[in-house]
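Each chain gets a letter, A, B, C, D and E, in the order it is written, and its residues are counted from 1.
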Amino acid sequence: MVYATIAFGLFAAVTLAFGLGVVLARDVFHAALLLGGALTSVAVHYVMLQAEFIAAMQILVYVGGVLILVTFAVMLTRSNTETEVNSA
Amino acid sequence: MIDVFSYVPAIVLLPFFSFLIALGVGKYLPKGGAFGGIAATAGSFLLSLWVLATVAGGEAANRTLYTWASAGGIGPTDVELSFGILVDPLSALMLVIVTLVSLLVHVFSLGYMNDEGETGLPRYYAGLGLFSASMLGFVVADNLLMAFMFFELVGLCSYLLIGFHFREPGPPSAAKKAFLVTRFGDYFFLIGVVAVIATFGTAQFAGTESFPALAEAALAGEGSVAWTPGGLELQTWLTVVGLLVLGGVVGKSAQFPLHTWLPDAMEGPTPVSALIHAATMVAAGVYLVARMYGFYALTPTTLAVIAFIGGFTALFAATMGVVKDELKQVLAYSTISQYGYMMLALGAGGYVAAVFHLTTHAFFKALLFLGAGAVIIAMHHNEDMWDMGGLKSKMPVTYYTFLAGSLALAGIFPFAGFWSKDEILYEALVHGLNDPLLLGGYLMGLLAVPVTAFYTFRMVFLTFHGEPRTETARDPESVRWNVKGPLTVLGVLAVVTGFINMVPVQKVLGLEGIDLLHLWLDNEWGGIEGLSSHHYGDIGPYSSGYLVGGEVGTVLVGAAVSLGLALTGLLVAWRLYNVPSPTEHTAKLGGIKDVLYNNYYLDELQVWLAYRTEDVAGGANTFDQGIIDGVVNGVSSVSLFGGSRVRRLQSGVVSQYATLLTLGLVALLLALGVTGGWFL
Amino acid sequence: MIEALIGFTFVAALLVLLAPDEWAGRLAFAFSLLPFVGSMYLWSGFDGAGNALTGGDIAYATQIEWLEVGGRTVSWFVGVDGISLPLVVLTTFLVPLAIVSAWTPIDARQSQFYGLMLFMEANLLGVFTALDFFLWFVFWEAVLVPMYFLIGIWGGPRRKYAAIKFFVYTNAASLLMFIGFMSLTFALGDSASSFALPEITGAIADGGLGTWFGISPDRIAMVAFLAMFLGFAVKVPIVPFHTWLPDAHVEAPTPVSVLLAGVLLKMGTYALLRFNFTMLPDQASALAIPIGAIAVISVIYGAMLALAQKDLKRIVAYSSVSSMGYVILGLIVFTEYGVGGATFQMVAHGLISGLMFMAVGVIYNATHTRMVGDMSGMADRMPVAVGIFVAGAFGYMGLPLMAGFAGEFFIFVGSFSAPALPYAPIFTALAMFGIVIVAGYLLSAMQSTLFGPFELETDYDVGPAPFHDVAPLAVLLVAIIVLGVAPDIFFEMIRDAAVPVVEGVTIDG
Amino acid sequence: MVNTLPQVAALLPVFLLAFTGLALLLVDTITPDARSNTSMAVVGALGSLAALAASVWLVVSGTGSADTGGAITLFAEAIKVDTMALFFTAIFASVTALVVVAAHDYFHDHESPAAFYSLVVFAATGMALLAAANSLAVLFVALEMVSLPSYVLVAYLKRNRGSVEAGMKYFLVGALSSAIFLFGISLVYAATGSLLLSDVAEGIGSLDGLAGVAGLGIVMIVGGVAFKTASVPFHFWAPEAYEGAPAPVSAFLSSASKAAGFVIAFRLFTEAFPVGASLAAGIDWVLAFGILAAVTMTLGNFAAAVQEEVKRMLAYSSIGHAGYVLIGVAALSQDGGANGAVMGAAMAHLLVYGFMNTGAFLFVAMAERWGVGRTFEDYAGLARRAPVASTAMAVFMFSLAGLPPFAGFFSKYFLFMGAIDNGFLWLAAFGAVNSVVSLYYYSRVVKALFIDDPASSSSLDAIDVRPTGLYAAVVFAAVATVLLLPGFGPVIETAEAAASALF
Amino acid sequence: MTAVASSIPPEWYLLLAAAVFCIGLFGVLTRSDALYFLMSVELMMNAANINFVAFALYYGDLTGQVFALFVIALAAAEVAIGIGIILVLYRNFGVTDVTVPTEMRW
């Protein structure tokens, strides 16, 4: 029981920390990575809530799919921005 | 047996048809439709004579002919508004006067208008026809509403005829003034009509269900009226009603202070002036009071007011006539003054005297105007008396008839005016001895006598006597039969009309039966119950008082005083103006001169009032455009301004949208949370 | 029968809309005669008695259920009684004349113009015959649409402003009125099962108003009365809601002004009579003094404004405000002569103001100005038209034996001693003073424009007006005189329908 | 007859739409590019018309109505087909048909119009499903089915900066709103323990200590609804999206999508959060909607009054109309006798609005097709060259303003009437004031078309084409707008019956 | 693991979810880059999912979990579309900053 509480508290703190990191990060790429962390820690919560399948999906779809997409987008837009800034 | 009274409407309608004909096809007719008018008025005249004869034969009529609006309720009362005829001695007499004068004016117009080459003749004759028709309709009206309606139509016709020369600036303005000022009086009259109908539920003049009869009964405590305004005593209310109706009379009969339109109305063609002054418009006011005298006799206050207004107007107008330079202007003020006498008579209880003066005045004033018209023809439409002189020998017919009219106007024995004016003064005197207000009226009337004689003969001398003062006066245009004919007829009448009512002679000599008019109006030969001079005398408030020598002595003294004064005035005029080359003596009047020349500044006052009204209207307009419409437009501006503020919310920056959206949601949350108590 | 009348007019409007411009005017005139004949037929066979709203016999009544909403039926319910028939006749009479008077001034997009005129006529007929609230309201609102176009497209220089102002202002009022009426019907609850006006009137008279959301019946009735009164006051218009009127009139082309003054203003007074004064007489009576005061203010203030104007059309427009004040006075006094006279005055004013606007229009056609200072002596150049103008002006001043006098006099007689209005004599006497002011401004305007030496700066000759301009004027004048001499041809049936209205009121004391 | 069909037949319109969407994809793959526009438009139109016919037939035959045994529930009660669902499906299908027909001309020279049709039809499918949703889960999924294609549709003109900007804003606000909506659902689930609407209603009736949670959730759900219906304060996307999007898409969004938002509201706030239970739990969402309605109509109308561009004016006016329709929810009361009437009137208004507003945007589409410009001034004198279309536009404008003899008159007035009947006089008064304002700007369009003179004689020369499809759609919408006035009886009666069945 | 669920009061999950939601919302409101926006929204959706999963367990009702699954899928689709839009935005405006494109306003 106590462990459970500690675990909840710990992962809640992790989730929130990562979440805050996402919104506060200076760099978009860092933010994307932090988002991955946050989502993963949410997946841990799911496991604790006996929703292992959801947790799996969370990691698969989000961390495996969404995050990659975001990363792509970051790369596509930022590189061009830099070249534009440079060229300008 | 032919019922002559069923032809009474024809008396009214004949001139009306001549109006339609002249208006519709007048320009295709010879003389611009004049003959139609002459035929129509002649027909009316003959019918009127026949009616007069029938009335003399002891018959009278009080009939409702046509329901104008079916009975509708006002408050508790049902009222039917109808047209009808009331033919009694008074209206029969008036019919004859009006049709005769109208006929003569039509004939005279041939000379004055046609021969002078005026344009727009069909319009002129149409106007004359409608004018006669309206007046005749007014005369035969059997109720106050019908009287009012024709009264108004008379006003319309005066507008049309005074403004006949509409291409010049003056006449339209004068016409407007005539209509407006009389309309102002009619406003009170209309209230009076409505008040009478509301009070009595009827506006009939005659019969037991007529409003004078009902009022009499109610005052005597034998009946009640349908309505009085809350808290007002019957006597007071009837006085108010009487005064309201009087408003119309004051306007139409050009009594102080609504007389100002009449001198301006001289802008109209002279025959029209004759018609207006002698028999139609101006006479209408006095006739109305006579018509409903049974009502006025019940309210002493009204009578006193009438008398005082009359006496004052008589003197007041006469003084202004003294300084006028134009022929028709003098006559205009004399008209005002003479109608003042009639009002004085009516106010003084001299019902017969008033009708008598109305009759004689109709003839001699028509005569004077037509005579003036003849002079104007001769003078090529120059009216300034200082440009005339010496016309006596050039146009004798005009001169002698004009002289007869002038003598009548001045009240010189034995011309018509003497008899009637004398009787008025007598009535005012005997009744006034017990009534100080009335005595004041009498004194003013008496004072006006020498003034009248003075300005009348000033006019005569300046026009006809002395040396011609201009080229035109030396060689005036001649006039034809159509001018001389009417003048002659009227000249004779001006001499003889007085003899129909020789009351002083009767009283002094004790000859019974020569006071024909008294007997006539007293239903001696028949008439309508309740519409007799005796009845009026009975219900009236006056008692007679006498000077030395009782009745006969008073008659003699009164007649002597007034005749003496008239002669004095005449003599003064003779002294001043019957010289080869008269000069203006107005300078001797000093400061009064300006006042008289400017008609006591009453015109100025009224113009000032009109301008102030326009100022108020202008203010109202500014208020309307600025404030009221401003509010309306302001609502629109504020809305649009609000809209332009609201749209600023839409900044185009999506982050701000997100912020606003969140704030909105939070606000909603707070609102609901507080009301729902979620946070407790 | 009424359906045929309205339906035909709609079809005619459509046909004219599709007709080529050259024919449109003539065609519209020909078509518009048929409704007139139809209304004459209605008149000839009129067998109604009493007031349509208070259980009287309704002539030519048709009732077909249309839809049901919120448990109440809406139906196509039309019919005429003594109050609506004269207005129907007025409408069908004025429209052909207005169409003829448009032949000269309207020179662009004719087929649209005449089509809209007929479309408006159809809706006006609907307004005066509808006896179901929703049906009535449809027509009532639908009148605005053609009017908006008519002013906006063919109007004067400031036509757009005037059109939008007219449109928005009167619509705002309609909405207010709608809400007022609806509160009333809902407060009736189950007492009324439809929007048929007779049923609603009857239910209110029988005390069917119930408490509605905690508001007492009296208060609901009063609020509804005020809302409807304000709504109609704009339409009438009553001071101080009148400011759209001069703008609309001045900018509208002549034929449109004719209909605007002749018929559209009557919609307001007609509705006031039908709704406020017939359905809620006691509320009206309770407000007698303020309403009487408003009437008097409308009369005097409107007349004063007219006095200050320099534009002939504006003069006539403001004088309409003044004339409508009389109508309000006639309605509030609740006497047969008052209410009947008010209705009669609607017809009379419709004819007279129509005549005046047409006459001003004829002069405008020739001079292209309406400003008093710009011309003088027009009588010299167009005697017939000016003659009729003068006659019409005198009609406006309430000259006896013309229709205007009859209407005004009935109202005055009815109101002077009316028990329903405290201080009635004073109100009446004050209102009567309007007849002096009206004479003042009309005579002044005529003096400076029609009379005096001819003066007008134009580069063409000003000649007599063409026949088809003058003919409608003459027809109107004849109608005015006929109604003035024999008011009973309408007044009798009006009175018959007005009596129940008068009897509906309870007067304290 | 209905009884002989399987229950699932009640979903026929949804299936038809979904099938049409698939068919469109198929057509796109097999037809050559040159003709794909026409063939896809034909298929799309036929499919949506078939769906329309199916839904009308189902309504007429009484499927799901109280008379024939009540609503049909399918798939473990996740789907519930009743008259209201079918009524709204009819709205969606008719708007879709109009938009598809009009799009044919609008995209006449677009390089790849094919995707457009399938996106529209898929969105319509989502709407139809939305109307029948009986579970919060289905509801959210269907909502996303509507939203996701819509984002793409708005940004459909990829090279047009306006379109892209609009798409971006729409998407961002939409994503945020979805998240809020979803969180609201999760809170409601937390408070009541169920996603089925009827069970949620039960849960609302027996909340203990969780009223705050449920209330918070409901407010967030209100937010989601407000987004979809473009109500304040979730309206910010609307002016830009409508202005920037291709005009047929604007028509689709402002009519069908808005109606979809309302079907959620009607469904949720009658079945999941009934008035009585919510009020008992201290959750006065009626007040929330009242505030939203008043603010929305005021803001929409006042902002519309000062616009220079017709399309943006229409966008704001459509916000204003959302405010009117919100009265349908905001004027509900615990035992108000007119709950059915007012909501039915709102539904009827949405139907009429579907025609008149779509028509108005399609007229704008026509103007864009002609290239005459976007502002009021640019529209000046259009009636001279295009009288039929301009007349139709005048009909739409007056009908939107609520003037007879057009259908908008009745629907709006019945709405006010219902509000008054339920005691919400103040809402009706708000509506009235706003109607007046709206009259001003609607009549500005009419004024521009008919009254104003063209800026120059050549400015109308651009009108050299007569796009048949657009014309047909506009005229059809106008005719429907007019005919719905005399034919309003069946509409309002159906709508009222459908709405009453929910209480 | 059963013990975890029963030992943690559901309110705590509510609070956690709310906190995550607020963080997401904070991100939405403070960051102007579209990608931050997107990621913040993902956080918010996850917050909802936490609720669903937690209360699915609490109520012993699988629908919450199922719905969470749907949400994950939809969120993914949304991100895909979002990134597509961000890319065209970038192509047209050259930025991913959402405060820059303000051609349409007022």
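To be clear about the criterion, contacts are C-beta pairs under 8 Å (C-beta built on N, C-alpha and C of every residue); 3 or more make two chains touch, one makes a residue touch a chain.
Since we're looking at a predicted model, the values are computed, not measured.
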{"item": "For chain C, the least number of touch steps when starting out from chain A", "value": "3"}
{"item": "Contact distance in steps, from chain B to chain E", "value": "1"}
{"item": "Chain whose Cα centroid lies at the greatest distance from that of chain E", "value": "B"}
{"item": "Comparison of A-E and B-D (more C-beta pairs in contact)", "value": "A-E"}
{"item": "Label of the chain whose CA centroid is most distant from the centroid of chain C", "value": "A"}
{"item": "Chain at the geometric heart of the assembly (C-alpha centres)", "value": "C"}
{"item": "Between chain D and chain C, distance of the C-alpha-averaged centres to the nearest whole Å", "value": "41"}
{"item": "Inter-chain centre distance, chain A versus chain D - centres from mean C-alpha coordinates, in Å", "value": "37"}
{"item": "Whole-Å separation of chain centres (CA-atom averages), chain C against chain E", "value": "64"}
{"item": "Chain B residues counted as touching two or more neighbouring chains", "value": "636, 647, 650, 652, 654, 658"}
{"item": "Residues within chain D bordering two or more other chains", "value": "168-169, 172, 176, 180, 239-240, 440"}
{"item": "Pairwise chain contacts, counting only pairs that touch as defined", "value": "A-E, B-C, B-D, B-E, C-D, D-E"}
{"item": "Partner chain D, residues of chain C touching it in the complex", "value": "66-71, 134, 137-139, 141-142, 144-145, 148-149, 152-153, 159-160, 163-164, 167-168, 171-172, 175-176, 178-179, 182-183, 186, 212-213"}
{"item": "Chain B contact footprint on chain D (complex, rising order)", "value": "168-169, 172-173, 176-177, 180, 211-212, 215-216, 219-220, 222-223, 232-234, 236-237, 239-240, 281-285, 287-288, 291-292, 299, 302-307, 316, 437, 440"}
{"item": "Residue ranges of chain C in contact with chain B within the complex", "value": "165, 168-169, 239-240, 242-244, 301, 304-305, 307-309, 335-338, 340, 377, 379-380, 394, 397, 399-401, 405-406, 409-410, 412-414, 416-419, 425, 428-429, 432-433, 435-436, 439-440, 443-444, 446-447, 450-454, 485-488, 491-492, 495, 499, 502"}
{"item": "Contact set on chain E toward chain D in their complex", "value": "10, 14, 17, 21, 24, 28, 34, 37-38, 41, 44-45, 47-52, 54-55, 58-59, 61, 63-64, 66-67, 70-71, 74, 77-78, 81-82, 84-86, 88-89, 91-93, 98, 101-105"}
{"item": "Residue numbers on chain B that touch chain D, as the complex places them", "value": "636, 639-640, 642-644, 646-647, 649-650, 652, 654, 657-658, 660-661, 663-665, 668-669, 671-673, 675-679"}
